[in-house]
Amino acid sequence: MTRSALTFRQSLDGYAFISPWLIGFLVFTAGPMIASFVISLHSWSMLSPPSWVGLENYQSIITEDPLFPISLWNTGFYVALSVPLTIAVGLALAILLHNKLPGMSFFRTMVFLPSIMNIIAVSVLWLWIFNPEFGLLNSFLRWGGIDGPLWLQSETWAKPSLVVMSLWGVGGTTIIFLAALQGIPPELHEAAELDGAGPARRFFHITIPMISPAIFFSSIMGVIGSFQVFAQVFVMTGGAQSGSEGGPNNATLFLVLYLYKKAFQEFRMGYASALAWILFFIILAFTVLQTRLSKSRVYYESHR
Amino acid sequence: MTRTRPITALLCALLLNSCGSNDRSDSGAERVSYNCAANAVEIKSLQAEIPAFADSTGVEISLQPFSGQEKLYAMIAAGQPPDIFYTNNVLRDKLAAEGRLLDLRSLSAADPFTDRLWPDVYRQGLSADGGLYSIGNWSFTAGVYYNKELFDKAGIPYPDTSWTWNDLLGAARRIAARTNASGEPEHYGIFIPSHFIEVFELMNGAPVGDQSLFLNFSESSLEIYQQYLALMNDRLMPDLRRIQAMGMQASQLLQSGKVAMLVEAVPHQVLFETLTIPWGVSPIPRFGNRPVRCFRSESGGLSISSQTANPEAAWKALKWIIAGASIYQPNPVLRDADFVAGWEARYPVLSGSGFREVWQRSLNHPAGDPRMFVRFSSWTSATILERLQPMLDKLWARETTIESLVAAQPEINRAARAELTRLIQRGRLDQKFVEAIEEQLRKASP
Amino acid sequence: MNKARSYDAIPTAWGTLARSGAVYILLAAISTAFLLPLAWMLSVSLQDIRGVFAQPFVWIPSHLHWENYADVSELIPLGRYFLNTVLVTVPVLLGTLFSSSLVAYGFSRIRFRGRSALFALCLSTMMLPGQVTMIPLYILFSRLGWIDTLWPLIVPSFFGSPFYIFLLRQFFLTIPREYDEAARLDGAGKFRIYWSIILPMARPALITVALFSFIGTWNDFFTPLIYINSPENATLTLGLNMLKSQIVGTGMTQWHLLMAAACMVMIPNIILFTLGQKYIVKGIAMGGVR
């Protein structure tokens, strides 16, 4: 058998395995994605036929729109805060829960509980927690003699408040790390211990490299997900109350919330699609950067 | 493995069953879909009465109780809009201009039903081109709810229809006089949510711009802003930002005894059902010698899709929803409905609460403004609010001044003008609407 | 870290005990913070509507309104919605597990032309906000005649979800290749290796995916909101939303009922997670490659 024949056979197998996704992509995803790109070159109210405007939408977003830089900054701020914190807290919790002690399954459930709860219930809950007058958080602070901030209504605290809320849902990341920790053969730790490696050394030289694929996953998905933060902001600082979408002085006007407003409140789907594609390329750039930076740091057993 | 097989088969069968087409057998009735923003109680009540309505009229209403703007847009874009749906004023004008809504004039002209509506309800459904694109399905006014205990404690008589703004201020001041160790009033005098300021602007004589496309701060509006800030500066009212952003805050605030008075919508089911303190409600006070202006408002109304297969049936269904379905009766948009008595029967607490007086005043409103909550015409409201709202937020946080608000007005109006020009140039609007907009542009010379 | 090392240096049971104690205290504190909101939900679900608005909030009401739970089932056809939700969740779970793991295997274990490019493409589909593809997708589904059916909620899961493909790929990559080689020498084909080597070894990851997929679908709100019209076809989350008020004046949010419903809807998730998480930590030792 020649080499190229082997590669051809290999490729065929590969395509066979990924065919579910490939077909799904061609049928359900590619069309709408291309459509949205084409729409971004049009002015379209979703009701009447679109009219061609070329790159005008992109041009006015970048050169004229005063809210674009604001929403970009807000989004960047949120990503920069929430992604590293989620990974750090998720990892810390996973390591705590990885202890082989009785009762761990109870604590694992506790940590995961918030991720199980329904978003409608959760958002109502957090509105109450953050309420400056009657909320849980400020009641606690008052108890400690501190006059708490306005949280969601404060320009300074609105974004951190949302980060805190996202940290509450860290259970998902924790579970992924927990699953990854199972893959570390105990012999590795035992051998290192025999060699005199302390816990810190073992953590950085065994645990971290062995679960680096999961960390890589969480950081990529964290960036993709938090750049598109929408649902909780929509429910909590916008949506229901007209006029206050985007929070105090637009402090929580994130990119997706902004493009949602453009699309469904101003009926400018072309403009919204252009915003979405700009966001797409921003996320893509970050993902490529992350992949480059982590190339030498992510350890894949199967690549040895 | 083998044991799970019957279960799998059952699941598949159920799945096929419920995923199958919706071609339910028909008794020849005309089918009208109604996309309703209603809660479970309303849905249940509507569902119970739909068969009887179908029997008497041959129109079968199918409820679509899951609503949202994205959903509606997707349905319209896919060419499958519901026959009847709720539109607010902004959405209504946009959809009407794109030819998506049925002009109800021909249906309503010959129908005695229209005579049962209050004239303002009918007027409000009219759009820029003179077409009638929605029928208001509910309306409300505003009032000052007050905590009787706090008034008794301070020895102040309860507010009544004769009150002026100064009476209100005086009462608020006396109630807020007593402070705690940190200098905060034990009870605040009043709380006015910021979206109710417009009511006071109107009471103070601010002009009513029915189709105003541009921002125009009147003297009387700016005066109210000043007063509103003074309420917070003088600690008669709690800091706006402390209170905002919670669906249930209004009721909580009054219930907690933190404020003695609260401006809110009338009727307000949440307040009626949840307040356990003794309370009353009185009309919005007038300003000095200025005439009392009355308002009733709707957030929107019911529209019929222009693509509906059977306009007659849809119109019948729409009328029934507004005037027939028992859950919405007595409906305040109807002249012949005894709204006050109906609600007093539903909520005994309303008898003698002042509810009757507040509502009575709202009925004398030939010169009133039915658009209390809609500040700008739909065409520019998004453009203006997008710029104005952050400034107002800053103003209430006392981080900016009224002067800089006024100074920003030309800039904001330039953006509104640009938006209008863009709309016209896009060339998709109905000619009637283009003319209406162009006329407005001419009227407001730069 | 120094402290931890010093514990290590103590060769007696005291070190372990102190360490376990610290772990418990930490976990108890964290759990309380995570549990508090749930406690609030439970408390509200057992009060009447006035209790929700009471100031200050009463955590343990003097009279427990268990009838809220009955009232919910009277207002909303919970049985029907439960069935609909199961009819969506179970196929989605199976479809996701099978298709995503298959694709992840292809992306992680087989070298083929265009693999990195296609994988990048797969990831990139997650980078475009769904809000702008929603309308084209809706039009597509409406052409298929799937509006107001459960199909749009189910079918896409059979074509792999990029999130789970990526997650599983990461886990498959940590499995040493020696296992594949050994199996190949025994004459096993690629599908055989996938099915009897990779899947059993990746059990913690598969359970994780199963839990995520179940819970995500169970709680999904936006997809059914868009595609479902008739009350008969609604899922539980849509039912929950019906307890929220829509228009001022004519209806109000039944907070107590909403929370009672939310508590009920959560139960299957809690049961499933409690069962599932054991398998995540038992991991390979349980499943075992013989």
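We just call them A, B and C in the order they show up, numbering each chain from 1.
Throughout what follows, a residue touches a chain if its C-beta (ideal position, glycine included) is under 8 Å from a C-beta of that chain, and two chains touch if they have at least 3 such contacts.
Not measured: the values here are computed from a predicted model.
K.L.:
Look at all chain centres (mean of CA atoms) and spot the one farthest from the centre of chain A.
P.N.:
Centroid comparison gives B as the farthest chain from chain A.
K.L.:
Per the definition of touch at the top, where is the C-beta contact count highest among chain pairs?
P.N.:
Comparing chain pairs, contacts are most numerous for A-C.
K.L.:
Based only on mean CA positions, could you tell me how far chain A sits from chain C in angstrom?
P.N.:
Result: the chain centres lie 15 Å from each other.
K.L.:
Averaging only over C-alpha atoms, locate the centres of chain B and chain C and give their separation in whole Å.
P.N.:
The mean C-alpha positions of chain B and chain C differ by 37 Å.
K.L.:
For chain C, which residues are shared contacts with two or more other chains?
P.N.:
55, 131, 134-135, 241, 244, 255
K.L.:
Which positions in chain B are in touch with at least two other chains?
P.N.:
Within chain B, residues 70, 73, 77, 247, 252, 256, 258 contact more than one other chain.
K.L.:
Which parts of chain A, given as residue numbers and ranges, touch two or more other chains?
P.N.:
46, 124, 128, 134, 264
K.L.:
Tell me, which parts of chain C touch chain A in their complex?
P.N.:
It is residues 1, 4-5, 8, 20, 23-24, 26-27, 30-31, 34-38, 40-41, 55-57, 99, 102-103, 105-115, 118, 121-129, 131-137, 140, 156, 158-160, 162-163, 165-167, 170-177, 190, 194, 204-205, 207-208, 211-212, 215, 219, 221-222, 237, 240-241, 244, 255, 258-259, 262, 265-266, 269-270, 273-274, 277-278, 280-281, 283-284 of chain C that touch chain A.
K.L.:
So in the complex, the part of chain B that touches chain A is made up of which residues?
P.N.:
Listed in rising order, the residues of chain B that touch chain A are 69-70, 73, 76-77, 94-95, 98-100, 195, 238, 241-247, 249, 252-253, 256, 258, 382-383, 385-386, 389-390, 393-394, 397, 426-428.
K.L.:
Name, in rising order, each residue of chain A that touches chain B in their complex.
P.N.:
43, 45-49, 51, 67, 124, 127-128, 130-134, 150, 152-154, 236-237, 240-241, 243-244, 248-250, 261, 264-267
K.L.:
Sort out for me which residues of chain C touch chain B in the complex.
P.N.:
Interface residues on the chain C side: 49-50, 52-55, 75-76, 83-84, 86-87, 90-91, 131, 134-135, 138-139, 142, 145, 147-151, 154, 224-226, 228-234, 238-239, 241-255, 257.
K.L.:
Enumerate the contact residues on chain B facing chain C in the complex.
P.N.:
11, 14-15, 18-22, 33, 35, 37-44, 47, 62-68, 70-71, 73-75, 77-80, 82, 86, 138, 140, 247-248, 251-252, 255-258, 265, 267-270, 273-274, 276, 299, 327-328
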